[in-house]
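Both of the next two complexes hold subunit A, though its partner changes from subunit B to subunit C.
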Partner chain A sequence: MSDHLDTKHENRDETDDPATGEEAVGGTGGHRKVEHARTGEHGELVRDIELADASGAEEVGGPTSLWADGWRVLKHKPLFWLALFLILAMVVMAVFPQAYLWFYNPFPDNPEQAKTFCTLSNSVQSPNAPNGGRPSSTNWFGFDIQGCDLYVRTILGARISIFIGVIVTLASVIIALVFGTLAGYFGRSIDAVIARITDIWFAIPTILGGIVLLSVLRDRGMVEVAFVLTLFGWPSMLRLMRSQVIAGKEQDYVTASRSLGANDFRLMVRHIIPNGITPVIVYATIFIGVIISAEAALSFLGVGVALPNISWGLMISGAQDRILQIPQLLFFPGMALAITVFGFMVMGDMLRDAFDPKGR
Partner chain B sequence: MTTTTSVPSKLSASTVAGHDVDPDAPLLQVEDLRVEFTMPTGTVVANDRVNYQLDAGETLAILGESGSGKSVSAQAVMGIIDSPPGAITGGAVRYRGIDLLQLPEKDRRKVRGDHISIIFQDALTALNPVYTVGFQIAEMLRVHRGTSKSEARKVAVDLMDRVKIPSARERLDAYPHEFSGGMRQRVMIAMSLALDPAVLIADEPTTALDVTVQAQVMDLLAELQAETGMGLILITHDLGVVAEVADRVAVMYAGRIVETGEIDDVYHTPTHPYTIGLMESLPQLDVKGGRLRPIPGSPPDLTRRPSGCAFHPRCRFAQQVCVDKDPELRIPAASMVDDDRLAACHFSEEIVDAQ
Partner chain C sequence: MFRYIIRRILQFIPVFFGATFLIFAMVFAIPGDPIQALAGDKPVDPTTKAVLEDRYNLEDPLLEQYGKYIGLIPQDPTLDQEIAGEPGDGFAGVLQGEFGYSLNRRPVSDIMADAIPKTAKLALMAFVFEIVLGISAGVIAGLRRGSFADNLVLVSTLAVIAIPVFVAGYAAQLIVGVRLGWAPVNAAQATFGQLILPAMVLGATSLAYIARLTRTSLNENLRADYVKTATAKGLPRTRVIGRHTLRNSLIPVITYLGIDLGALMGGAIITEGIFNIPGIGRTVFEGIIRSDGPVVVGVTTFLVVIFMISNLLVDVMYAWLDPRIRYE
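Moving on, here comes the complex of A and B:
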């Protein structure tokens, strides 16, 4: 409730026009009268001045120029391009793993094996393993315990991590958009109910809630893990959306629109959400990275997606006991995970810097 | 001021949002309006016994210092009081005889923008920064009339021409921040007139503008009113702005109307000390080296309204009775020149005689 009031207050200060401060009766009234008389003769002249003035008014910023300004800032930042590159590389890996595999032949001598990319005889612990199971020019990342090509597995592991990150974030954003907007816009009892439930839910740590709930689930696949992470992950997103709506509904253009006949739905969808969504987009980008690491953590703890699914978290988990003897088991999936999370986090930071300078 | 021959098209309809109009009723009549805000520090009576009437083609100026309740009375007419904390606790707002306060929200919304429209002080904040001005003007027609996209754009260009935005067609796709203050206010006016309303409320429409631009916007409003025959309520804290365009004036102080009448009459023979104060604080053009006397003190905090006549702490005519008894709004007797005058002062007659 207190952040409700704070936001409202902040907003008052912001929208308070300096002109109101000058409001003293009389004031320059007489001068205005003089001007009024004068414009009859020089109306055209004054109008021209006003137009000339219009071209110089660009510095007054709104979200539109904010997007343009943001882009102007972003395109000169190497880190933005790096993050964009990493994210695109990982998303392609998740959606079209073939893009990383079509040219890769882990078993040049035995094309039949390539279909499964695993043979126990290639296990790093087997004496027959090519190059002792270590990385080589044919098997770039070496082999794992089961004799699977580690490069292939690392590529295939991207799907679950990235899909879970994106699905959980999308679901949380949708929950936030619907319920955060309703709570912030209507206030009163709707807000009291939604905000209280959110606060209570917010108090449960995502990982802890995930461990408890997932440990009772037998078949843990991508859908189950995504569901549980969404279940405990949405509150922060909703709180952000709600505060954006509370600030947004105080804006003059919302009042103006209402005065001109707009209904609640239109006010929310046309005016409040488009103007308040930027910080949510920024946070959602970071959130994808957070959820990807949460998924890995759950898998590492043995309550994430279960075998035979392939996921980076599972691979890292399987590497636990052999890190010193066979470092590639940890190194490659760990790097893939780190690069992905890094990409989303940096992208979020870049977007924040560009679009939400106050949040720095 | 303007003798109008045109009548708003709205007035030919016999129902408003499905409710029958009273053909003999005035265009807009506010009766004993009372608006309260419940604040942690106490209850603020922002409007108390506010009465005024507006006919088609007429311009009513509502004049008063900042905080006197002008905007609140406009919000009450529009039905957009910030609630909570605000609430209309009494009175009626009759549009062509229909009490808007009794209408369900759904019907009320049909009146807004369509029959009664409003423009605000600061058009930059009153326009949505993420949409082009053309889109926002066209939106009015699409929401209320279901006009097609392309048709609405055409009408938007016409409207922008009407409010004299140069090269309207090219500027249709510009964003509000690309316009100067005066041009933005014209966009706002175009939006508010899109549906040909019978009543337009302009809440300090020129306060945020440069002096030169103020006069242009004022001229435009007067011109558009003459064209359409709508009733215009001009809210301002600056008598100088309205003197030339208004027909009647209602002076507000501490949430009440303290004097109303024909603007020229009020200007020449004010019957309330507050009105006199407003005029004396205005630099006189015609009187060389004229007295410029600001009203002493400041408007009251409405949570601690002074007893009796709320103006008494600042009034140079105040007597004991002013502290004890709240003066009713009444027709000042005998010495008055016009019978259309109302004032809320115990000593209106004496004040006129003394002038």
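Moving on, here comes the complex of A and C:
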């Protein structure tokens, strides 16, 4: 028993005194009142920090902000650095694919082919393909069925995955910030309307909703798929934001600020949102991974982005019948996908450990 | 508790109609020709189109179309029935178990009839697999916090979550099925032996989530006052954990299982497609390949309805398991 307590406290925010910490985690998950109280305590912790910030404690000495505390925990975690490295590597791949391609020369003998990276005679099924189309020192990942260099395609496939993951997450966070805050803050009829609409959308799992809507859409590019995933993805984010606001608006500092004459907008933007956003940021990091996975699954099923877009899910989908004979067609795009999702998932986990100890 | 359950059921009604209406409207109220859109690039034979437009009542106002589709308004006689002077089918919609017609004019409910038991079998096997192994791994990690086993569970579950179902499916087929020859590659008869590998692939992601959730929940509960009391009064550790802590720790896991079903259904479409299991997932998978939109929409609507009903059941069960549910 006692060793569990000790390890727990080692990982907790140092500003949080052990007594509070113990009470905070003492409740069982699922009991809403207890959860409410716990959120409250967390909120107070944040408030203390914010007050300290406002009074200029940071300049006086010791780091006291939640972010500084989180950073102190994070910088000693190897998994955090691993996740950061993977995410940065993938983001660079999405934004500047040239960073991975400028040194790569798949066709040393034939500069003409290097313009497209694809020649049907190089197909992994063609007898003339260099090294039988298998991975080699010139063509690192080998060739695909269409005779395209698989390394080049795998690198170029990052763009759609990462962009869709980030766009859908940003859009969902914005929806959650606006409507979740309004619902949580004003309550009553506004909340009733927003919460019921959210319930309805929440009842449709993202993949299933995506399959239905995308199967009737003709031109499916990045924008269409991002739109559809946002359409079915936002409800969980909004629910989280709403519960954070409901817990936050009861806090003393909000009452204090209101009695000093702050209007609703100021209360929301200056106090309630900043103090309740941390779990949303943590969830958003994980959400990027979830959405990337969903996009790949939809593209694999044939209702995601359509050719000639390059997407990892689409690459595996196109190789479906040949995978058992030519595993490279699954391995490289599959690995790229798994590494990307893993990066965001681990990052979310690390951020939660550092910033949201109660959510562990 | 009864008030909670009744309230939950009353809340379910608008969600049910709202969600099914959304799906219906997204497909049939889009600008242009819905039947052609459902068929993708494939040309639709004019007779088929006329029949389907008639069966989906596309000439009616949207709400009436939906009423007939969901089964609250009786169906008009179809063209054939009109010629033969027969009455319509009466109420024949989602509420009566009808989910529209394929491009071959076959009722989707007919197509699903043989397939549902196979998918249920696969899902049940995946469920047992993920619950047994997920909870075990979660308990091992949760009891020995910070140990090697704990870190192993934490990192390996993230790795499992990161691998998409279709990559895991093909990899399992390739390695376990083809290279090692331990399991059949094709599960066309959907026998127990054939379904073991697909069920493991399907349940793997949820297994990882369950393990993490159990671990977190167990960790929190181990610090609860009632656990200290139980330890203090001299109960053996096995009893403290087995009878007191674990029971309460599993409540969030049960809630998760309801939500998880949605992911499981998406996964079943992919897994059944890869392993050639003739379940309703494969019906959707093939429906997409063959551009048979009405089948895709019909079966998916069925899956969404199942998802909603199971979540209702989970919530009711939650009230029964956790007497601390807030009374409002």
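Criterion: the second predicted complex is superposed on the first by the 295 of 360 C-alpha atoms of A that agree within 3 Å, B and C clash if a C-alpha of one lies under 4 Å from a C-alpha of the other, contacts with A are read in each partner's own complex, and residues count from 1 in each chain.
Here is the rule we go by: a residue touches a chain if its C-beta (ideal position, glycine included) is under 8 Å from a C-beta of that chain, and two chains touch if they have at least 3 such contacts.
Quick caveat, the model's predicted, so the values are computed rather than measured.
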item: Subunit B versus subunit C as contact partner of A:Y253, first or second or both or neither; value: first
item: Which superposed partner A:N275 touches (first subunit B, second subunit C, both, neither); value: first
item: Partner chain in contact with A:R266 - subunit B first, subunit C second, else both or neither; value: first
item: Partner chain(s) touched by A:N128 [first = subunit B, second = subunit C, both, neither]; value: neither
item: Subunit B versus subunit C as contact partner of A:N105, first or second or both or neither; value: neither
item: Overlap of subunit C and subunit B interfaces on subunit A (superposed complexes); value: 25-33
item: Subunit C partner contacts - residues on subunit A that touch it in the complex; value: 1, 3-5, 7-8, 22, 25-33, 79, 196-197, 199-201, 203-209, 211-213, 215-218, 289, 293, 296-297, 300-303, 313, 316, 323-324, 327, 330, 334, 337-339, 341-342, 345-346, 349, 360
item: Sites on subunit B touched by subunit A in the complex; value: 64-66, 78, 80, 109-110, 112-114, 117-118, 120-122, 124-130, 139-140, 143-144, 166, 175-180, 182-183, 188, 191-192, 207-208, 211-216, 218-219, 237-241, 243-244, 277-278, 280-285, 292, 294-295
item: Residue ranges of subunit A in contact with subunit B within the complex; value: 15, 17, 19-20, 23-36, 38-39, 43, 46-47, 49-51, 53-54, 57-58, 60-65, 251-253, 255-263, 266, 270-271, 274-275
item: Interface residues, subunit C side, partner subunit A - complex; value: 11, 14-16, 18-19, 22-23, 26-27, 30, 34, 37-38, 40, 145-146, 154-155, 158-159, 161-167, 170-171, 173-174, 178, 185, 216-217, 219-225, 227-228, 231, 248-249, 251-252, 255, 262-263, 265-266, 269-270, 273, 284-285, 288-289, 293, 296-297, 300-301, 303-304, 307-308, 311, 318, 322, 324-326
